[in-house]
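Take a look at the structures listed below.
Common to both upcoming complexes is subunit A, partnered first by subunit B, then by subunit C.
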Partner chain A sequence: MPVEYWLIFILIVMIIASIAALEMKDILSSIVAIGVVGLGVSLSFLFLQAPDLAIVQFLFEIFALIILVKAFLGKDYHIEEPSRINKILAGVTVITLAAIFIFSVSVFELLPPFGEPLMTTSQYYLENGAKDTGAANLVSSIILDYRAYDTLGEITVLFTAILGAFTILRIKSKSKKDKTELSHAAK
Partner chain B sequence: MQQNDGMTLIVKTVTRISVWMILLYGIYIIFHGHLSPGGGFAGGVIIALALLNVLLAFGRKFTSEWLNISFLHDLESASATLFLVIGILGISLGGAFLANFMNKGELFALLSAGTILTLNIFIGIKVGMSLFLVVWVLAGSKIVKGE
Partner chain C sequence: MIVYLLCFLLLLVGLYGVLTKRDLIKIILSIGILGYAVNLLLILFAYRKDSVYPILAKGKEVAQMVDPLPQALVLTSIVIELGTTAMLVALAIKLFEKYQTFDISQIRRLKG
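Right after this comes the complex of A and B.
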């Protein structure tokens, strides 16, 4: 069976799972359905022969599942019924997007076949990557040698994220403590 | 979340055995990043998930005694700084920022590929500590109803 059929199958499963995630009333089932979508992305990376990406996607899916379960389970929440204007707006948006997609189908026929032609840069990487960097894994040699600036940027993003989380949550807890102290003093 | 101390005895016993294997697998993925699929990012997430496993199974109080959280914070900042230091060393020794100035070694050997292995280790520490600390902070914050 060629890869394309597997990919189409995975895509259909992912679309069904994302619709299910939106429509389900139970929050845990919804989170599991989102997990199915992520698993589909990870599997399709595996079929497209990108194991590095598949591993990272799979692990982050587990990580996101833990965070979502910890964040949403046991907390009270309520589902807001969309108002009439919102429903009309959503309908107009769907129709417009569908029209754009149908009109742009002919553009897809102009695209080159998958994986072709090989660019000059990737050709250079494939031919000289192992010799230049000494790494057997070409993906590693690209992200940490040829394109190490990208990795530096990713690290900066993570650093900023943890800094922001610590700053905001610390301020919140401190102000809460002040408030309780004030209320105690008032009593 | 702060009051209950973890899950049942079965989960605790399984975690006590499995957490070291998960940590070892993460370290393996980091150190073989230049030879096989994986690398610092994936290995770091595995290490973070191993620590999260302890946090979920044993609870917050035990984890804060078992791990030195402020040391993890220092480790996380230090690995980011060391990444930059290696980049700047590349200017003086290799001629460009983040240049591969170390000995390349043999292809397919564990100690090869120059700075790629070193940078992989730093990224692994950085990603693992950051992701664990983010969940640690988020799990510690309480949502007060009605605010």
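Right after this comes the complex of A and C.
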């Protein structure tokens, strides 16, 4: 079976799983459905000859699932039923997105067809990568040598995001602080 | 061609979730779907027919390898996505502590 048919099958499964994730009422079910989408991405990376990416995507998926389940499970809250205006707005959104999809067909016809990439810069990397950098894995020779500053910037972004997350989590909310002060005063 | 269109459809499903859902968790999940779709689209552009992964080994010809450049860029993009997801989750947890809900229509104090 050619790669293209496998990819079409996986993509259809992923689209169904993502619609299910958005429409299900139960939060745990929708998080698991998102896991299906992420593992589908990992599987299609394997079919597209990108084993490093498949491993990274797999790990990312597991970490993201752990974070989401730990953060959101067991929280009790109520979502208001959508009013009539909301339903009309959702319909308008669907129609607009369908129009974007139909117009995008002509855009994708302009791109090089599937299976024939441009390979203008990459041809140089493929031919001279081993000689210039001494790495057998050409992907790591690009991220760690040809585009090392790019990777440095990416590490900075990651560090800033994690630092931001920790800072947000460390701020104590005001109402909680008042409550603890009150309880201290009561004692 | 049809593969590109299906991948674009996945991106539009994510966009639909961001635009219409009122549950903060669903919005975070839709942002995740958007990220998956963009990464997959970039790797689809890189694929070459009947070729192998770009790792030099015995019996692997340079002329028969997929494009390594989008793979290198997407590798960094996946890692950044994890960082942004963690930050969004932290913001959502803080909002829940303050308002006791994830419904964005009930979180009113941000409205100007």
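Assume the second predicted complex is superposed on the first by the 168 of 187 C-alpha atoms of A that agree within 3 Å, B and C clash if a C-alpha of one lies under 4 Å from a C-alpha of the other, contacts with A are read in each partner's own complex, and residues count from 1 in each chain.
Criterion: a residue touches a chain if its C-beta (ideal position, glycine included) is under 8 Å from a C-beta of that chain, and two chains touch if they have at least 3 such contacts.
Everything numeric in this text was worked out from a predicted model, so none of it was measured.
Colleague: Determine, under the contact definition given at the top, whether A:Ile102 touches first (subunit B), second (subunit C), both, or neither.
Modeller: neither
Colleague: With both complexes overlaid on chain A, does A:Ile66 touch subunit B (first), subunit C (second), both or neither?
Modeller: A:Ile66 contacts subunit B only, not subunit C.
Colleague: Just to be sure I read the superposition right, which of the two partners does A:Thr151 touch: subunit B = first, subunit C = second, or both, or neither?
Modeller: both
Colleague: Go through the superposed model and pick first if A:Val139 touches only subunit B, second if only subunit C, both, or neither.
Modeller: Both partners.
Colleague: Identify which of subunit B and subunit C touches the larger number of residues of subunit A.
Modeller: Looking at subunit A, the partner in contact with more of its residues is C.
Colleague: According to the stated criteria, A:Ile55 is in contact with first (subunit B), second (subunit C), both, or neither; which is it?
Modeller: First partner only, subunit B.
Colleague: Contact-wise, after the overlay, does A:Ile27 reach subunit B, subunit C, both or neither (first, second, both, neither)?
Modeller: A:Ile27: touches subunit C, not subunit B.
Colleague: Could you say whether A:Glu116 touches subunit B, subunit C, both of them, or neither, answering first, second, both or neither?
Modeller: It touches subunit C, and subunit B stays clear.
Colleague: Who does A:Ile85 touch here: subunit B (first), subunit C (second), both, or neither?
Modeller: Neither partner.
Colleague: Regarding the shared-chain residue A:Thr93, is it in contact with subunit B (first), subunit C (second), both, or neither?
Modeller: second
Colleague: Between subunit B and subunit C, which residues of subunit A are contacted by each of them?
Modeller: Subunit A residues touching both partners: 51-52, 56, 60, 63, 67, 71, 75, 130, 136-137, 139-140, 143, 151, 154, 158, 161-162, 165-166, 169, 173, 176.
Colleague: Could you please specify the touching residues of subunit A with respect to subunit B in the complex?
Modeller: The touching residues are 51-52, 54-56, 59-60, 62-63, 66-67, 70-71, 75-76, 130, 132-137, 139-141, 143-145, 148-149, 151-152, 154-155, 158-159, 161-162, 165-166, 169, 172-173, 176.
Colleague: Enumerate the contact residues on subunit B facing subunit A in the complex.
Modeller: These residues of subunit B touch subunit A: 29, 33-42, 45-46, 48-49, 52, 56, 76-77, 80, 83-84, 87, 97-98, 100, 104-108, 112-116, 119-120, 123, 126-127, 130-131, 133-135, 137-141, 143-145.
Colleague: Which of the residues in subunit C come into contact with subunit A in the complex?
Modeller: 1-10, 12-17, 19-23, 25-26, 28-30, 32-33, 36, 39-40, 43-49, 51-57, 62, 65-69, 71-76, 78-87, 89-94, 96-98, 100-103, 105-106
Colleague: Using the touch definition from the top, list the residues of subunit A that touch subunit C in their complex.
Modeller: Answer in residue numbers: 3-4, 7-8, 11-12, 14-15, 18-19, 21-22, 27, 30-31, 34, 37-38, 41, 44-45, 48-53, 56-57, 60, 63-64, 67-68, 71-72, 75, 77-80, 82, 86, 89-90, 93-94, 97, 100-101, 104-105, 108-109, 111-117, 119, 121-122, 125-127, 129-130, 136-140, 142-143, 147, 150-151, 154, 157-158, 161-162, 164-166, 168-169, 171, 173, 175-176.
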